[in-house]
Amino acid sequence: MIRFDCDYLEGAHPKVLKRIVDANYEQTLGYGNDDYTIQAVNKIKEVCKSDNIDVHFLVGGTQTNLTVISSMLKPYHAVICADTAHINVHETGAIEAVGHKIITIKNEEGKISSNQIQEIIDEHYSSEGPGAEHTAKPKLVFLSLPTECGTNYTKKELKNIYDVCKANNLYLYIDGARLGYGLVAKDTDIKISDLPKLCDVFYIGGTKQGALFGEAVVIINDELKEDFRYCIKQRGALLAKGRLLALQFLALMDKDLYFTLSKQAIDLSVKIKEAFINNGYRLLYNSFTNQQFIIMPNEKLDKLSKKFAVLRWKKYDEENTVIRVCTSWATTVENVDKLIKEIEKL
Amino acid sequence: MIRFDCDYLEGAHPKVLKRIVDANYEQTLGYGNDDYTIQAVNKIKEVCKSDNIDVHFLVGGTQTNLTVISSMLKPYHAVICADTAHINVHETGAIEAVGHKIITIKNEEGKISSNQIQEIIDEHYSSEGPGAEHTAKPKLVFLSLPTECGTNYTKKELKNIYDVCKANNLYLYIDGARLGYGLVAKDTDIKISDLPKLCDVFYIGGTKQGALFGEAVVIINDELKEDFRYCIKQRGALLAKGRLLALQFLALMDKDLYFTLSKQAIDLSVKIKEAFINNGYRLLYNSFTNQQFIIMPNEKLDKLSKKFAVLRWKKYDEENTVIRVCTSWATTVENVDKLIKEIEKL
Amino acid sequence: MIRFDCDYLEGAHPKVLKRIVDANYEQTLGYGNDDYTIQAVNKIKEVCKSDNIDVHFLVGGTQTNLTVISSMLKPYHAVICADTAHINVHETGAIEAVGHKIITIKNEEGKISSNQIQEIIDEHYSSEGPGAEHTAKPKLVFLSLPTECGTNYTKKELKNIYDVCKANNLYLYIDGARLGYGLVAKDTDIKISDLPKLCDVFYIGGTKQGALFGEAVVIINDELKEDFRYCIKQRGALLAKGRLLALQFLALMDKDLYFTLSKQAIDLSVKIKEAFINNGYRLLYNSFTNQQFIIMPNEKLDKLSKKFAVLRWKKYDEENTVIRVCTSWATTVENVDKLIKEIEKL
Amino acid sequence: MIRFDCDYLEGAHPKVLKRIVDANYEQTLGYGNDDYTIQAVNKIKEVCKSDNIDVHFLVGGTQTNLTVISSMLKPYHAVICADTAHINVHETGAIEAVGHKIITIKNEEGKISSNQIQEIIDEHYSSEGPGAEHTAKPKLVFLSLPTECGTNYTKKELKNIYDVCKANNLYLYIDGARLGYGLVAKDTDIKISDLPKLCDVFYIGGTKQGALFGEAVVIINDELKEDFRYCIKQRGALLAKGRLLALQFLALMDKDLYFTLSKQAIDLSVKIKEAFINNGYRLLYNSFTNQQFIIMPNEKLDKLSKKFAVLRWKKYDEENTVIRVCTSWATTVENVDKLIKEIEKL
């Protein structure tokens, strides 16, 4: 069985593993109070071309989202996001469990627009209804970059969203679980060094991008920086051996390995997408990143599934299923070629 | 200014006030440990024709919803309800603040169906996606009877919903903030004594039905009865002078006053509705209860608003607004006649 | 049976009832958006001799504490209070239920000192242990005035506590469930108009002081004022017929009725206390307010309990129980005289 | 600088690392749905000599405590533990942040007794005071084995505690962050295979015991097993590459490596303790596990700290500090000998 069902199938890039193994017998302080963490923070400041950011390392995505979001909001604050946003559909109500309502916007290929956000805000302050305090107050916009559908925002779109946020006193937080796979794609002009000017907080995903695990939270807005370590600890997200996170990001950020691996993955992803198109399949979304969503007749899917693992994303209709095919830093050209041969054969 | 904008404009029915005033100098134990509370509980058992129910008195609707719902659920449990449900739109995220995700269903005139509920449940356990535990687990269906749109469920519809709940191990909780106005309307055949067979918990609204304040929670399902007083106290909902709640419900339930007042209110409501129809206005929903939702040209609305207060419910389009016109136990025939004259004049 | 077990046995002072009854058929906007609420807010500003305060009316004490405290704090913030504080012992973990740790200080007759508070803060930032972020961060001091033991703070003591709070960037919140009974007692020199200079938020208790129910929250610190109505609504504490609260406080604050009733109650309380002392009983605390705590041999207590209800506060030792005897605005001289006669007879 | 300040200074035992590295390029399902996880679960069942247990792997201790405890309790339930318990003092209010009050018992060398627990329960149901529902309801006892002070419970003591729990319908949960270091010590007769008969849930610590990270939760009580994976996911504790946890526990549990490493660590710990005693130092607690707490004159401590890192645990008095000296699976004989030489020299 060759697997393309998700992007966390293997362990880590060998350079990541090597750093962990090399440091194994060193004694360092716990909880991120070690020198490697300082180095990794500095490296990320360099990559982001910004000195005025705080960087913290957490273990996983849901953990990062609930820790960051609960640190930013008061109890009556709500989060605005796409109905397809990960926090809305695949995190078991983690955001509600820390007390916050999620207000969803109908997505367009996983994306939402500045106009839609403005509408939600306007509704909230509308003179109709019983009064604004009878609804949770929108205070944070959550985006995924790239989106859960594999699509990207352009710099213009993102700027418009952030402008709406700032004009209405809302925060913007970007989930970058697959940030690398997004930023190297051809459908966006955003660079990582743009992000400190385009949002209040974002995170650089490691788990799906060549690390064993780990996400680097970047806090730009000064008013959100204070006491963030309390939040990490309280949510059970402060790794005892914090250097494990730092070492992995040091490896990934060294000589742009993070982006090199990302590029390699999305090239293979686009190759697979084209194979599907060329063989007459329709796509659910037009993705240039590492996730492809293809509408597939159930019969063909069953045949494909004998040799290749893909994710059954959702039912399309009685005869078709949407599948997700992922590549990652670990995907090999051979395996992609085998998959393409199978697509042609089906 | 004559007001029709909501159903909590006046104080309480004189019989309700009288009972409070009459008992004023009696000394009774606090927190509902008094004899009046025992009497009121028994009275409600009699009205509901059920001995095997627990009855508790709380102060208001949002308080009741958050206390009841959080008492029924584990942290990862979600509530299913209409997108128009009060807990979803007008309670400031109170349910999320106690930790629970709300999964909404597109309403049809404020109502949802057993089929829609089954679909949500099926989606949750679907073999597609990353696994059921990545989504909050549906465990409770929330209905309002009558709905926030003034419409009603029939006994058949409600039974279907409860059957789906039981078949899937979900609870059914009914918000009865306006229960009286619903049960006496011509578009339902449900009686209050049917409710113990048709749900797990419901509440009998007092605040909008002739009391100064107060809601009577009726718990039917044995597994939800234990320790409910802890929940009331923890949420700040245990009134020190608990007898104030009991005395009010004793007055309202005496000789069916509750339903007599309800009938009187909805007769006037239907009269108003007919006046709007007869004068060429369209309705947003077809309500037979005490709330009417009328689509009104903004110009006419401005004129009407000079003498009569109605609630601007929501924008309909650039030229029209949906207004809400409410009657209540306190609405007088004279005021309704004045309003109707104005409608005719507009 | 004549009851002295608590201070919420009767309904309300007749002037309070009268205002509610008189306004019964007026139509006013809900949720405190009525003119009576404006009047009551202004009246309380006048009584507090401060224009720069926000005033909100809530229903009960636990509700007020959980709403106020959760509005002031971030998730990792802790509350410092006496181990005997109401929020620590008799509110069913309501503060923890909204997410906050309570750090207790050993009380001295219900009181805590500025030095004790400073110690807790110092411990928190101590260079010992794993790092400050491994403990919840103290951010709020909670006091009751008078305390749950019937004792009082002097102006000097309160000022010292507030100075420590300000010096360390903590808030001070005062629970005034029995504020009147405290302020008129001979063991304090604090006046209600001092409070806006001596804390960030306090509340003026109504429930135990002549109202049917109701507490007036006074917010002094500007940074705590924003959006407080969202907090009230979210916690289910926004009374639909908000005028009921305003009318009661208007009656109580008119011509100092609140303080006149308080004085009357504590005079009777001190009379009872002296009767106990004169008959050889020991006191647990030396209270000059409306609650007395007397150590009583169980045998005598059983005898007393045949005619008079007192609260069994806690076991003192195998042979003795601490009882609580309360007076209130409603306590009559005749009943007190009967109690004293019984004490003498025992 | 040679460090003895905590037990998570180094990475992992080489056999643990090897398993991670060896599996690096294998493709396995995420979230613990892989074969290694099945193997590791079975291995732990074998070690615990029980088939009727559920095993789940989480990343860290605070995360495990908040996930397990919130899965076991209803909102009004409280946790009973020693005042020195980790959840009370060093987890930033994580348990309160998920809504639960902690009721502390004065520890004796880190331990609490069955009698003390019974007293708390009796107090809760006492006929004194305003009624049981005015206090949070004790439902769970939390113990650490070994305790945070390095001490141990005997089998008899633990059985007594569990008997009190069962007799009063409370759960018992054991935090085993350092379980190995406790079980191999000479002051307890508990074996790991006894634990399924002596509590409802416990966890086997990996982070401090030779793993990079990881804790294995063992659920014994059937009523606590359902839906635990939802709880893990909701708290952000479901590791994407779940096999990383399984592989580490497979390495540690293979041929008793876990206990061999534990024994090695505590032998060195006792050697250090004896060196301190022999040189005239007093101990704060008499520990036979891997943590030693020594009272040290500040001057000598400053001298020691030039070459050796120890944790300043807390101030003892003006002239003395309590230090914590830890050994672990990674501590070498050479470093211990150097430390002992320094102790003798001081």
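Each chain gets a letter, A, B, C and D, in the order it is written, and its residues are counted from 1.
Operating definition for what follows: a contact is a pair of C-beta atoms (placed from the backbone, for glycine too) under 8 Å apart; a residue touches a chain by one contact, two chains touch by 3 or more.
The model shown is predicted, which means the values in this text are computed figures rather than measured ones.
Least step count on the touch graph, chain B to chain C: 1.
In this assembly, the chain whose C-alpha centre lies farthest from chain C is A. Of the two interfaces, A-B and B-D, the higher number of touching C-beta pairs belongs to A-B. Separation between the centroids of chain A and chain D, computed from CA atoms only, is 33 Å. Computed centre separation for the pair chain B/chain D is 49 angstrom, with centres defined by C-alpha atoms. Chain A and chain B, compared by their mean Cα positions, are separated by 41 Å.
Residue positions 6, 30, 75-76, 91-93, 97-99, 130, 133-134, 136, 230, 233-234, 238 of chain A each touch two or more of the other chains. For chain C in complex with chain B, the touching residues are 1-3, 5-6, 8-12, 14, 17, 20-21, 23-30, 59-67, 91-94, 97, 207-208, 212-213, 230, 233-241, 244, 330. Across the complex, chain C meets chain D through its residues 6, 75-76, 78, 89-93, 96-102, 126-130, 133-136, 311-315, 321. Interface of chain C with chain A (complex): residues 30-31, 33, 70-71, 74-76, 98-99, 130-131, 133-134, 136-137, 227, 229-234, 238.
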